[in-house]
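Per-chain numbering from 1; labels A, B, C and D assigned in written order.
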Amino acid sequence: MGDPLISIRDVKKYFPIRGGLFQSTVDNVHAVDGVSFDIERGETLGLVGESGCGKSTLSRCVMRLVEPTSGEITYNGTEISEIPRKEYWRRAQMVFQDPRSSLNPRLTIGYSVGEPLIVRGVGAEEVRSRVTEFLGIVGMNPEHFSRYPHEFSGGQRQRLLVSKALITDPEFIVLDEPTSSLDVSVQAKILNLLNRLKAERSITYLFVSHDLSVIKHMCDRVVVMYVGKVMEIAPKDEIFGNTLHPYTRLLIDSIPNPGAKEERTMMGRESIELPSNIDLPMGCRFSPRCPHASEECTRAQPELVEVEPGHFVACHMYGK
Amino acid sequence: MTTEQAETAEATPRYQELRHSVRLLLSNPVSAAGAAGVLLLLLTAALAPYIAPYDPLAINLQGRFLDPSGEHLFGTDHLGRDVFSRVVWGSRVSLTVGLITLIEASVLGTIVGLVAGYKGGWVDSLVMRITDVFLAFPSIILALAVAAALGRGLTSVMMALGITWWPLYARLIRGQTLSVREEQYIEGARLSGAGGIRIMFKHILPNCMAAIIVQISMDVGFTILAAASMGFLGIGAQHPSPEWGLQCASGAKYLVYQWWISTFPGLAIFLSVISFNLLGDGLRDVLDPRLRRG
Amino acid sequence: MKLGQYVTKRLLQFVFVLLGTSIILFTVSHVIPADPVRAAAGPKATPAELEAIRVKLGFDKPLPVQYVIYVTNLLHGDLGRSVVTLRPVIFDLAERLPATLELSVFSLAITVIFGITLGIYSAKNRNRLGDHAIRFLSLGGISMPSFWLALLFQMVFFLRLGWLPGGGRLSSGMVPPAHLTGLYVLDSLLTGNLATLRDALWHMIGPAVAQSAIGIASVIRMMRAGMLEEMTKDYVTMFRSAGVRERTVVYKYVLKNSLVPVITLIGVMFGSILGGSFIIEQVFQWPGVGSYGTQALLNLDFQPIMSITLVMSFMYSFSNLVVDVVYVYLNPKVSYE
Amino acid sequence: MTKTILEIRDLRTYFYTYAGVVKALEGVNLRVNEGDIFGIVGETGCGKSVTALSILRLVPNPGRIIGGEIIFEGRDILKLSEEEMRREIRGKGMAATFQDPSTFLSPSHTIGEHLKDIIKANADDPRGLKGRELNERIISTLAKVNLPDPERVADQYPHELSGGMRQRSMIATGTSGRPSLFIADEATTFLDVTIGAQILRLFQEMNRVDGTTIILITHNLGIISEICNRVAVMYAGQVAETCTTEALFKKPLHPYTVGLLASIPLIDREADELEEIPGTIPNLIHPPEGCRFHPRCKHVMEVCRREVPTICEVSQGHEVACHLFNGEVRSDG
């Protein structure tokens, strides 16, 4: 496999909660709490989890939009904080969840898509020709150059944002829930577009989503996160065919799905909530919801261990 | 792969949207009346020398206290000056004061608010505490004190009102900036490599313009009122200026028998302010229905 | 954060604001004027008086020292001397403050009562005749120069109709009630003097209405807009879908939710009432702080102007403090920030 | 023969906007049987939420129901007065829960206060119901939606609850009048999958235990497959196809349904590329002539551009509005 493109080592991101009379830090939100994994060159890595699991914060740490509290992230072996931001953002880009708020309503498509070139001092003529070229690549019309965002549908805007992310020819793109605010028939078009671009331009994707069906369709490997921690990492077929972690199991079982009518043993009747990232459970973070929780699980946090080649799991039932 | 090209249902260029807004504004008879009033005021101020039949400052002691008539539409005052001509010329004073004050306040307030909202942290806290202090004075009272310190006259009034008004704009723009800053496209602009100045002025400011325009249009009325009040209290425009508030004050003594001396300038203030308020209400509804204010 | 903690925090902020106010007023009185000594001493001061002021306020010393002297004097209640009444400003203020307090609290009460009820009525009867009338009047209310309204009031109700008195707190010949609080209404009530009470109230109508016109109009507009906006909220649909009476939805849920923002406006309105007192008290010859201020402005009597500004900003900040606490108490969603 | 609880005939709801008349519903026909969990599925703007609001007669301004019949328990509710609607239908007969519970609950009132007024509104003797008894009703209503610690929830404000608990509280406001028909409009869309799955189970329980008929409105075909027995697919303000859930996934007929099913990634299906439906949903101010789907349809015929397709029952309980099946009644197979 060679060297990974991006390697994340023990990254933590805490957001302080201020309170009291003098706004001192009274507690921390443990958004990302010691996460390590690699992103291999050329793969699509899925990052899946529910709200508050830290997947968005982590992807923003990778993009240098958020400074991690500790840990290190390297890109091609270089610590990303040592790469100049403009240079890093030429090579790594991101597509956000909500295409409605991702384009400035007061700026033309030409400016918004071409901004990465404009801030790097590219001349107006070249910006224009590059932008029109990339509008064509994502299936938009060059005439859209001087239009404004409100004239476009959600799906079209997401295409525009993809073209903006591509315009500096990056080798790595974070896709943060790129289709979750789109209708299903539009989602299909965007997902197909992303797959085509990846094949044509050999880009590496980090695909962040809460939707396991989409993850399964798009990704080569999957990282499952829960409340700031990695629960399981495995190739796609392993994750779905040989699910090890009880949380991954619950996640898969919760997907409403024609093929699974039978009773699910995992879910109780009572409303159970995701734990907050502030008062964390002592041991395994999933232990309060886990049907297999033993005394050990409430005491000690399980380590992420490789139980089969390439299949890592953080659960006391496995390992050793 | 050009499947989605045919579906731009509402392909309206920017100026069409503007025209649409204007049409929407004028389609409401109440806002249209406001716009007409404002236009009339602007025309009066611009054409004052042609509209006013007499010199507003010409004293004629033989012709004092004349009743309103064909010759003197609004009568004459205690020095025999034509009240109509004075009201017409007074529009220039009020508009000048109102607009200059708001330009001062909005430019200063916008820059401060933009920086505070975008930078956040201690810069923001400091700016907010400073505006707190300015806003701790009841409206107009600080302006009175500042004008008193600067000495009488219109210049002091404009300075004093500008000083008391900017914190309102700073707060408004800061609030807008905070909400725009949360938009995804700001993060997107950072990823493009855009710097702070570009983000503030190219990305955030245009999204605050609607709020600024609405606020200014609503505040013109207030500044005209404030300036007139200061004139009435003798701290603003000085004799023999045809400023409306001053005219009201000098007519107050003759209220019993010569009611017209202070009634007509008062009416002029009232109509100007109401026009700006109607226009402001209409603009708010058209440009930004979320900006509801008292 | 607990409510108690919030109040403490808000009190600290109040103290901070007072400190800031003193800095601004110090700047206004010591830095802005071309000749601050002359400004403080008044236009007719003799060279000896000028010298005395210069020494007393430390004008020959550096600004920080001047500020310390300024604050020290304030804390000792030394607000300077009026060049018109020739008395210490603090005495003049003490004498006149109750009159202003009485009138402005009365005006605020009128503002709140009429503003809120008319606003509700207007929203409930949207686009009917009553609503149009109220909207028209409230638009007039916020556009009317208060001095002009006061003059019109005088002209119509005093000069022409004679229904209301021309000014002052009591009719001539009426003896003020025994001085307990200085508020005539309260004092005459406490001493059981109903004739004086009636006369005092009768004298307050004119100035109070003129003074609260803007406030009433603003509250109406905000209340109406707020109610109408709340009526379009999703929870109204939810209650309707569950078969709850329209009356309950409007008067219990919509009303409470739309009152919350109006509460903050009430604080602002108190400020506008205080600001308006300069003009209203002058026109109605009300012997309060406002008319004292107007006289001071006419004579550029600087020390009283600064003191009045200080006192009024103190009253205003204090009322905002109260409003904020009430707001937080009523609005569970505020995170006490 | 099962009893029909709700039948909608030729329902038309228009919105009179500044830009023009949006024909949000144009001839919607539905039949819901007692005890069904009936799904309505479709994409943004297909009219599924407007259908829900029309059934409750709560279409917001500037919308109006301009024609059709909504027969609920034998009565055409479009003919009832507003007061009858409130007293007899809403709350007791039918109730609803909506997408975003943070806006569908009043921010400055506790959950208990909400329920108090709703329970009183639906009680036979509102005056007799007070104090302890009312309180018990509130708690039991909250307990029925499986909220842990209902006493505490009753005293909490909406913003103090998590998303799942808020959604349950809102369902409680709907169920407190024990309606025979319950409409759930995108009730799990804002929730995490594991929390959403619990809410779906709650609906199943309401259906099984109390016999409540449920109309479940969603854009998610997975949810339909999970708990619905019958389903209507809506497109551009009309019903394209109505059938059992089984038939929907095994034997979809309408080209739109077929396209929709092929365009979603399913967890138990492998596909290299997802099918795409060309074009996008039409503008409902100027909808296409004839069949509203024809500009995007692979099988478009001349007649589709001209005539609105009529509904035909292709097999028992399987209705489709498409010219491909016009007049043709298929036997199974």
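Note that in this section contacts are C-beta pairs under 8 Å (C-beta built on N, C-alpha and C of every residue); 3 or more make two chains touch, one makes a residue touch a chain.
In this text the structure is predicted, and so the values were computed from the model without any measurement.
Measuring from the average of all protein CA coordinates, the nearest chain centre is that of B.
The pair with more inter-chain C-beta contacts, choosing from A-D and C-D, is A-D.
Of all chains, the one whose Cα centroid sits at the greatest distance from that of subunit A is C. Per-chain CA centroids place subunit A at a distance of 55 Å from subunit C.
Inter-chain centre distance (subunit A to subunit D, centres taken as mean C-alpha positions): 32 Å. Centroid to centroid, with C-alpha atoms defining each point, subunit C and subunit D lie 54 Å apart. Each chain gets one centre point, the mean of its Cα atoms, and the points for subunit A and subunit B are 49 Å apart.
The set of subunit D residues touching two or more other chains comprises 276, 280.
The set of subunit C residues that touch two or more partner chains is empty. The set of subunit B residues touching two or more other chains comprises 3-4, 7.
Put simply, subunit D touches subunit A in their complex at residues 43-44, 146-148, 162, 164-165, 168, 192-198, 200-201, 205, 219-227, 249, 259-260, 263-268, 271, 273-277, 280-281. Looking at the complex, you find that subunit D touches subunit C at residues 53, 56, 58, 60-61, 86-87, 89-92, 95-96, 98, 100, 103-109, 114, 117-118, 121-122, 157, 159-160, 170, 173-174, 176-177.
Put simply, subunit B touches subunit C in their complex at residues 129-130, 132-134, 136-142, 144-146, 148-152, 221, 225, 228-229, 232-235, 245, 248-249, 252, 255-256, 259, 262-263, 266-267, 269-270, 273-274, 277-278, 292-294. Only residues 63, 65, 85-86, 89-90, 93-94, 96-98, 101-107, 112, 115-116, 118-120, 138-141, 144, 146-148, 150-153, 155-156, 159, 161, 164, 189, 193 of subunit A touch subunit B when the two sit together in their complex.
Of all residues in subunit C, only 232-235, 237-246, 248, 252-253, 256-257, 260, 330-333 touch subunit D in the complex they form.
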